[in-house]
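Labels A, B, C, D, E and F are assigned to the chains in the order they are written; within every chain, residues are numbered from 1.
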Amino acid sequence: MFLPILFIFSLLSSSFASVQDFCVADLSLPDGPAGYPCKNPAKVTVDDFVYSALGVAGNTNNLFKVAVTTAFTTQFPGLNGLGLSLARADLAVGGVVPMHTHPNANEVIFMLQGTITAGFISSANTVYLKTLNKGDTMIFPQGLLHFVVNSGKTTALVLVIFSSPNPGVQFLDYALFANNLPSELVEKTTFLDDGQVKKLKASFGGTG
Amino acid sequence: MFLPILFIFSLLSSSFASVQDFCVADLSLPDGPAGYPCKNPAKVTVDDFVYSALGVAGNTNNLFKVAVTTAFTTQFPGLNGLGLSLARADLAVGGVVPMHTHPNANEVIFMLQGTITAGFISSANTVYLKTLNKGDTMIFPQGLLHFVVNSGKTTALVLVIFSSPNPGVQFLDYALFANNLPSELVEKTTFLDDGQVKKLKASFGGTG
Amino acid sequence: MFLPILFIFSLLSSSFASVQDFCVADLSLPDGPAGYPCKNPAKVTVDDFVYSALGVAGNTNNLFKVAVTTAFTTQFPGLNGLGLSLARADLAVGGVVPMHTHPNANEVIFMLQGTITAGFISSANTVYLKTLNKGDTMIFPQGLLHFVVNSGKTTALVLVIFSSPNPGVQFLDYALFANNLPSELVEKTTFLDDGQVKKLKASFGGTG
Amino acid sequence: MFLPILFIFSLLSSSFASVQDFCVADLSLPDGPAGYPCKNPAKVTVDDFVYSALGVAGNTNNLFKVAVTTAFTTQFPGLNGLGLSLARADLAVGGVVPMHTHPNANEVIFMLQGTITAGFISSANTVYLKTLNKGDTMIFPQGLLHFVVNSGKTTALVLVIFSSPNPGVQFLDYALFANNLPSELVEKTTFLDDGQVKKLKASFGGTG
Amino acid sequence: MFLPILFIFSLLSSSFASVQDFCVADLSLPDGPAGYPCKNPAKVTVDDFVYSALGVAGNTNNLFKVAVTTAFTTQFPGLNGLGLSLARADLAVGGVVPMHTHPNANEVIFMLQGTITAGFISSANTVYLKTLNKGDTMIFPQGLLHFVVNSGKTTALVLVIFSSPNPGVQFLDYALFANNLPSELVEKTTFLDDGQVKKLKASFGGTG
Amino acid sequence: MFLPILFIFSLLSSSFASVQDFCVADLSLPDGPAGYPCKNPAKVTVDDFVYSALGVAGNTNNLFKVAVTTAFTTQFPGLNGLGLSLARADLAVGGVVPMHTHPNANEVIFMLQGTITAGFISSANTVYLKTLNKGDTMIFPQGLLHFVVNSGKTTALVLVIFSSPNPGVQFLDYALFANNLPSELVEKTTFLDDGQVKKLKASFGGTG
């Protein structure tokens, strides 16, 4: 008795077949201001919407004692155009996510484990500093310098959420000391001493 | 005497020739988060901006007694990037546009003919219900369940306007009963009885 | 047996009670860049989402032989923040909607009745001109000069759709001739003759 | 020697004092299409950016065996205008987050604990279904029906992330059965049987 | 001692390598609603972000005594997706930038040299008129008719700033008189006299 | 004969009177995520759209040998909601605009006078460095560290353009050294030496 429904269904299907519920990135094509072109929806499967790498602890066996694992569009193409991305930060005892900014996204962190001291600095140069424990959430508004330090006695694990699939990141030390920006210009524009600049350029692999 | 104007005109032309007043979709290229790439403006004609299929009554000779004709980007590529799309719904006496949502657009309907009962349900589960006659306009906010029933004694004709060229649509019964979502999961997540689910799966062509 | 559901319901209600599905304009408060502040949702009724004035023919007994009835936010506050607004244009035989632009919205018209000649002009000064009949749809991209002339033998009725609840409108003759912009400046910037400017200033109530 | 810096600092301060890095919601004022007006920045403290309620397990002692705790603007005003919000869902063994949509946000979930079966249904009525374990991430695109079932043998804990501080939510059963939408209309627009509708209306507290 | 930093650096690099800080237009690919696809970031150099043509005076030896030099995306591809573009206008004594609109951008001018009379007309047909000197800034809101006249005794030089890399421009006289829009339609929709229309069509190269 | 036009004019006026062409900030009301509420349009005059302070040289008699004069919404309320703002930077010989970011805006500078060395650093830590002369334009993408040094032999004057009326600014030294962020945290998150941090805290007025 309900067979005719199938008729209208196919009718509706032909109209709505083009509807774009999602736009899984086709990373083989060039990016654009709003994101990547969409993978053919007919080839999209549930695995385009599932990502497991954030479940795996990063290797914190380095001087920062930190590992950051990202789920941005290039790692997790299903996020393309959705206004969201994620990362996880593992911090061994004493670990540090150094001073940095995200030029294109607000950030919220959720504490999965451990104790950290987190802070950001506003345009008015006010410091917003807090000790966070498991279950706490904290906001870092877009583009402002912020950092996280493992101030507890166990490994800390932080889930990081961004308001863009393309948050960007600029680590202060890498920006200043890991490239060929002449030391003289670094000094003139940061008021750091020449010795300090050269020491850090040596550590971060910079020249000039 | 005004010939020099032509000179500056060509000057201005060379500057402004690239200006994008519109972006008629080139449907041969992949879609993106903001819409399709633009057809070469030099090949755009007035017919890219005109569409006539909404003037033709749909076939309501089906169990729903309804026909929906859409003018989305894929049918009317001139709408690409413009933040608008349209459709028409023909409802024979007793016809129904079943419970559905548009994930990506607000909707406004304009009554062209007849009498309908229309309603939507908010996040607070409040019902907004109204009988509409020719000339009436009603809003259905984005993503909320809504429906239209021809409650009059003549054919009803409704012009449908969306705030996106890609509104999307999800008909409740098709979403639940026209695919392979296991009956057990349908029942567990909707609290419908097993008999009810199986009956509707049979009608809508679902399996599992 | 299902009573406990009511418990979780009230729990969810307290969480979601603040959710904003819509933002009916509170016109008693000042407007902002994104629209008006929202009326208290508890006081919103279905009548905030329904508007009937577009069903009533306007009075075309004037020199233009045209009447335009708008459903913008200030007339239909339910549209606030939804990215859409509407209008109807009644054109008696020979009626004209004169050359104008909408600074803030794309426009789509849907022919309800009669025959019109409609056109718009692009940044490249190309004319896109078409005769439209009942059921036809035509696009006028944002900010471009366009017009409609009743070129048929009966009253024409046009439904007008905008991609903003605040499309704006600038009628060329009113902008040039209905205010105190000095004739000398009008002439210098439009290349119209002095006699022409003064004649139209007299007609449209301008001074200077 | 560096004292003069303080001079330019105060100069810059007077210019930049008004800069809006964030806009903590002042919930005492009416909401708007882009969010709430901002709390006076001078009164903002770090506690406006920190929220701890997501660290506390909800009470799953109900028929759904689920608890959802939200961090939307009204609970966590620091999120205002930032394009993000969060929630946590606790699911006891056998617990269910029933079929629902978020009209205004994309969603990503991150598995904190346990095993779930999660799914969403697209406009094309395709089912995207997956079993997720600790550390897995899954996307539910905006406005599409989706659900989560605890399919494991332990409590499941899910962190939920939305691409809007105001995602909205519409639970299917509450929308259909927890209000005064007449049973006849429910049946006509969903094709559910009368007995089924009345049974669920009784359970969810609906009338009509 | 700091060598391990290099390790984490390469780790972070692999994650963030895809980050899109900018999207220099690849003009060889088709434009889209949000702008052009991005040039491969690896091939971007500082010269993609620098443009010198606005430093060169235009040739004002024409009847308008004006030259407009634009830096839109097609001239300066680095602006793609950035929400900004620029132009310079040179006006000889008595020079005029005739009545025009920008369909897609707000405009701010900054006076580099000389004295001008500038004005715009609002939707309410109010004239906002001002004499500007070196160092003055004035706003012309999106889509509204505006003009600039060199009302001083020296060359005037104006820097023009738009809130879009694709502002568009519609010069009134070119739109009305430089194409094949039939004189009869021009007259009917602008109330200009037939002689006036034909005279200007002759000057601006129009037909019909 | 044209008097009836006045009739339709008043008709149209009543419809369009509410149209929002602009939204001059009412700074007496609280800001919001999209900007300030609008000043009553009836009280707006041309002076709300004109600003002259950018024409006045700032006082560079300080250690930086620089003066920055801003035209943001709080100084120039007419910019509210328009997606644009401006500033001017005066740099005496040897003057420096120190390393800083704008969290919420792309920036374009236009050289009005003199010679500068300008640079920005990308997320990939690449340096984009250029010497600019009068008439040159350079882009600094949103949120990235950048700086300007007067590398010429005369005063340099730079017009600065932002893609937001609320660009924000974070000067690196003020953020790190002009507040109470504990030296220990500064050192741990920037790898600067203790002596360096304390020296700059003393210079910039910081504590801790």
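Going forward, a contact is a pair of C-beta atoms (placed from the backbone, for glycine too) under 8 Å apart; a residue touches a chain by one contact, two chains touch by 3 or more.
A quick note: this is a predicted structure, and the numbers were derived from the prediction, not measured.
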Message: Using the contact definition given at the top, which chains are in touch with both chain D and chain F?
response: A, C
Message: Between chain E and chain F, what distance separates the C-alpha centroids? Give it in angstrom.
response: 21
Field: chain B and chain F: spacing of chain centres that average the CA atoms, whole Å
entry: 42
Query: What is the distance, in whole Å, between the centres of chain B and chain D, each centre taken as the mean of its C-alpha atoms?
result: 26
Query: Which parts of chain C, given as residue numbers and ranges, touch two or more other chains?
result: 16-17, 19, 21, 29, 32-34, 103-104, 122-123, 129, 141-144, 168-169, 171, 174, 178, 203
Message: According to the definition already given, which pairs of chains are in contact?
response: A-B, A-D, A-E, A-F, B-C, B-D, B-E, C-D, C-E, C-F, D-F, E-F
- line: Per the touch rule, the chain D residues reaching chain C in their complex are 29-34, 62-64, 66-70, 72-75, 103-104, 166-169, 171, 174, 178, 202-205
Message: Help me check something: in the complex, which residues belonging to chain E touch chain C?
response: 96-99, 101-104, 117, 119, 121-123, 125-127, 129, 141-145, 147, 149, 168-176, 178-181, 185, 188-193, 196, 199-200, 203
Field: Residues of chain B that touch chain E when the two form their complex
entry: 1-2, 4-9, 11-12, 15-21, 23, 26, 29, 32-40, 80-81
Residue ranges of chain A touching chain D (in the complex, touch as defined): 13, 16-17, 19, 21-22, 41, 45-47, 49-52, 54-56, 71, 76, 78-79, 82-84, 86, 106, 108, 110-112, 120, 122-124, 128-130, 132-144, 159, 161, 163-164
